[in-house]
Amino acid sequence: MRVAIFRRAHFNAAHRLYNPDWTYDKNLEVFGICTSPNFHGHNYEIEVKVVGEVDPLTGMVINLKTLSELIKTEIEDRFDHKNLNLDTDEFRDLNPTAENICFVIWKILSEKLESKYDVTVRLYETPRNYVEYPA
Amino acid sequence: MRVAIFRRAHFNAAHRLYNPDWTYDKNLEVFGICTSPNFHGHNYEIEVKVVGEVDPLTGMVINLKTLSELIKTEIEDRFDHKNLNLDTDEFRDLNPTAENICFVIWKILSEKLESKYDVTVRLYETPRNYVEYPA
Amino acid sequence: MRVAIFRRAHFNAAHRLYNPDWTYDKNLEVFGICTSPNFHGHNYEIEVKVVGEVDPLTGMVINLKTLSELIKTEIEDRFDHKNLNLDTDEFRDLNPTAENICFVIWKILSEKLESKYDVTVRLYETPRNYVEYPA
Amino acid sequence: MRVAIFRRAHFNAAHRLYNPDWTYDKNLEVFGICTSPNFHGHNYEIEVKVVGEVDPLTGMVINLKTLSELIKTEIEDRFDHKNLNLDTDEFRDLNPTAENICFVIWKILSEKLESKYDVTVRLYETPRNYVEYPA
Amino acid sequence: MRVAIFRRAHFNAAHRLYNPDWTYDKNLEVFGICTSPNFHGHNYEIEVKVVGEVDPLTGMVINLKTLSELIKTEIEDRFDHKNLNLDTDEFRDLNPTAENICFVIWKILSEKLESKYDVTVRLYETPRNYVEYPA
Amino acid sequence: MRVAIFRRAHFNAAHRLYNPDWTYDKNLEVFGICTSPNFHGHNYEIEVKVVGEVDPLTGMVINLKTLSELIKTEIEDRFDHKNLNLDTDEFRDLNPTAENICFVIWKILSEKLESKYDVTVRLYETPRNYVEYPA
């Protein structure tokens, strides 16, 4: 009996979209105000989906305490109240678009969770703009 | 690296459910108060999901500005503050159920977006009733 | 011990904004697309606030069952799946702006509730546009 | 033309997580405060997804009235304002984790809906913790 | 410059409505299924509003860290995953209606916060039913 | 007949909390991670409440188009995708706490709206932390 379990979490961060190989005008043309040099920010909301077999002894796919602590330690503590471009190793050389942030979070969590689980991450940059990996 | 990007938008419209080949009593039996002759209305909320490869130069599946403008021009401007049954070409001869509206929106957007993208549309008629195409 | 109790309900209706003493151009200038002749519609959400003393025998300001049934009978049944301009006595000669709808709902409920209660009504036309009476 | 239609509903119930084959200390270690002996509770929110062909006569996958009444009769009336562990046949011998509740709801609804429909149930225990079956 | 600051928190608890001076039939007549003997439960959501002068050195009415820790220690730790009727001193002899729970929370927080602050508590029993004290 | 009309809007910005008269350690002690040097950010959501008499010719307190364009021009265009500390005149020398941002927005809008209106601004820094001025 395979069930999906979802856990939501959030972090507040600053970022800007920027390709260092382009001129500022080219960045402005592609990224618009999102490339604004002094950064802007978001309340990022993440939804982590873990699919697995239900353990008949516990009735659970994964202990929610384990999952929520993993998200807190690996994602919230890493990114909350940070400038993604300046303060994190992950986005020093990677453009922090929603797509890339979502993939990075998925990669971090997937490597920490047992391989028997299928993991999907959805990242809300705003309530109207969000991404999901894998698609 | 395939990622899904989601964009939400909304429009407010009037409609009624009605099959012109049926008597009013038959329409009432099937559609209930939704066939009320003088129309009722909804705040329709749409979620457009676009799946594609992330462009390594931009870090994006599709430019969100492009996508949100397309939704504005093709969907919001077409349906917002309209009577779907009387004011639109799409539903003059097609019953504007949530299922049909969702399919029509998907068709319009799919034809305008590059064929490399997979498009899914979710349409909320109310926060408790919604549909998605393709399923 | 005076406490406020709130109850939410909703109805879906069509309407248009229109002043019959004005030309269509004047209506269009003032009301914009909201005066569109064939109507549009909304998922109206209402919040009814009732302030009163807590009855020490029940621990309640008012029985929520009484309140929710009153809202169902007097407001939802009256306005749900209706065209406010054409199908209701209340708005046949009164422009169904959010302000006027809110006042009408307040008046109906206030007259049905015991005079010991203070009643306030908030009406959401959309999640971003709403009104409250009395202010 | 296959479309998914979604309907949300909710019920308020008490429960505790508990494996009768374990000591209390073992239950506490695995389930934490969720095993608290006198029960706690939730506003459970359910989302039922039904996938099927759109009937060209009605423009609908399934009549929403049929679906919402089925959910009311089979799920809400059965579980609302109940103690899942003590008051229900389904969870007298089955640990009422979100995973198990979701599966039970899916099983009840699937057996009542025509076999041409594909059914998925999502169960929100809180706005941040939820599950879905089948995954 | 007086500003209101709001903080939201939540706890999950079981309860039943019950007046021990009444027969079960009288309790059932007044409280309906909320008096169900084996308890039911809710995701209680609380909104604490604190009004005070903005300190020009900090730009804050009250340090949000102080406020959120107070709510955690005094309210969440006290009521989360509890049976309000059986497990708490506050509701052993007080009917845990939303009105009474809201007043009790207000009383606990008001006594812990400096007297220069005006405190209001809103308690959501469900997203559609909530109360506020003082009114 | 005095009615309150509400309009919501939003902007995404970076900020940090900081008192230049204090040492970094003192800033850290008071503001915690909110004083992080490279900024963090939020999806700020604002609710503007305008109270006034309903004009019997229009049925409106204020034309919502006027109000929403004023908010767009004066608030969204000014603060969206900005670093509040570095990019705005308002917060170059004023600590951008939620309290101060809320007051600044209220002041800008109050001066632009006719004096017959009473204006209140609520600012959500996150869905769980928000402020309102005047209180």
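First chain written, first letter: the chains are A, B, C, D, E and F, and each begins at residue 1.
Rule of thumb we're sticking to: a contact is a pair of C-beta atoms (placed from the backbone, for glycine too) under 8 Å apart; a residue touches a chain by one contact, two chains touch by 3 or more.
Bear in mind the structure is a predicted one, so any value in this text is a computation, not a measurement.
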Inset, instruction - Identify the chains adjacent to both chain D and chain E in the sense defined at the top. - result: none
Legend entry - Angle of rotation relating chain B to chain D [CA atoms, steps of 5 degrees]: 120
Inset, instruction - Look at the interfaces C-E and A-F and say which one is made up of more C-beta pairs in contact. - result: A-F
Legend entry - Centre-to-centre distance between chain F and chain D (centres being mean Cα positions), rounded to whole Å: 41
Inset, instruction - Give, as an integer number of Å, the spacing between the C-alpha centres of chain D and chain A. - result: 29
Inset, instruction - Please report how many Å separate the Cα centroid of chain C from that of chain D, as a whole number. - result: 34
Legend entry - Where chain E touches two or more other chains at once, by residue number: 127
Inset, instruction - Name the shape of the chain contact graph, picking from line, ring, star, complete and other. - result: other
Inset, instruction - Please give all chain pairs that are in touch with each other. - result: A-B, A-D, A-F, B-C, B-D, C-E, C-F, D-E, E-F
Inset, instruction - Sort out for me which residues of chain E touch chain D in the complex. - result: 10, 12-15, 33-34, 36, 38-43, 80-83, 86-87, 126-127
Inset, instruction - Would you pull the chain F residues touching chain C in the complex into a rising list? - result: 1-9, 51, 54, 57-61, 63-65, 118
Legend entry - Residue ranges of chain D touching chain A (in the complex, touch as defined): 17, 19, 30-32, 94-100, 102-103, 127-135
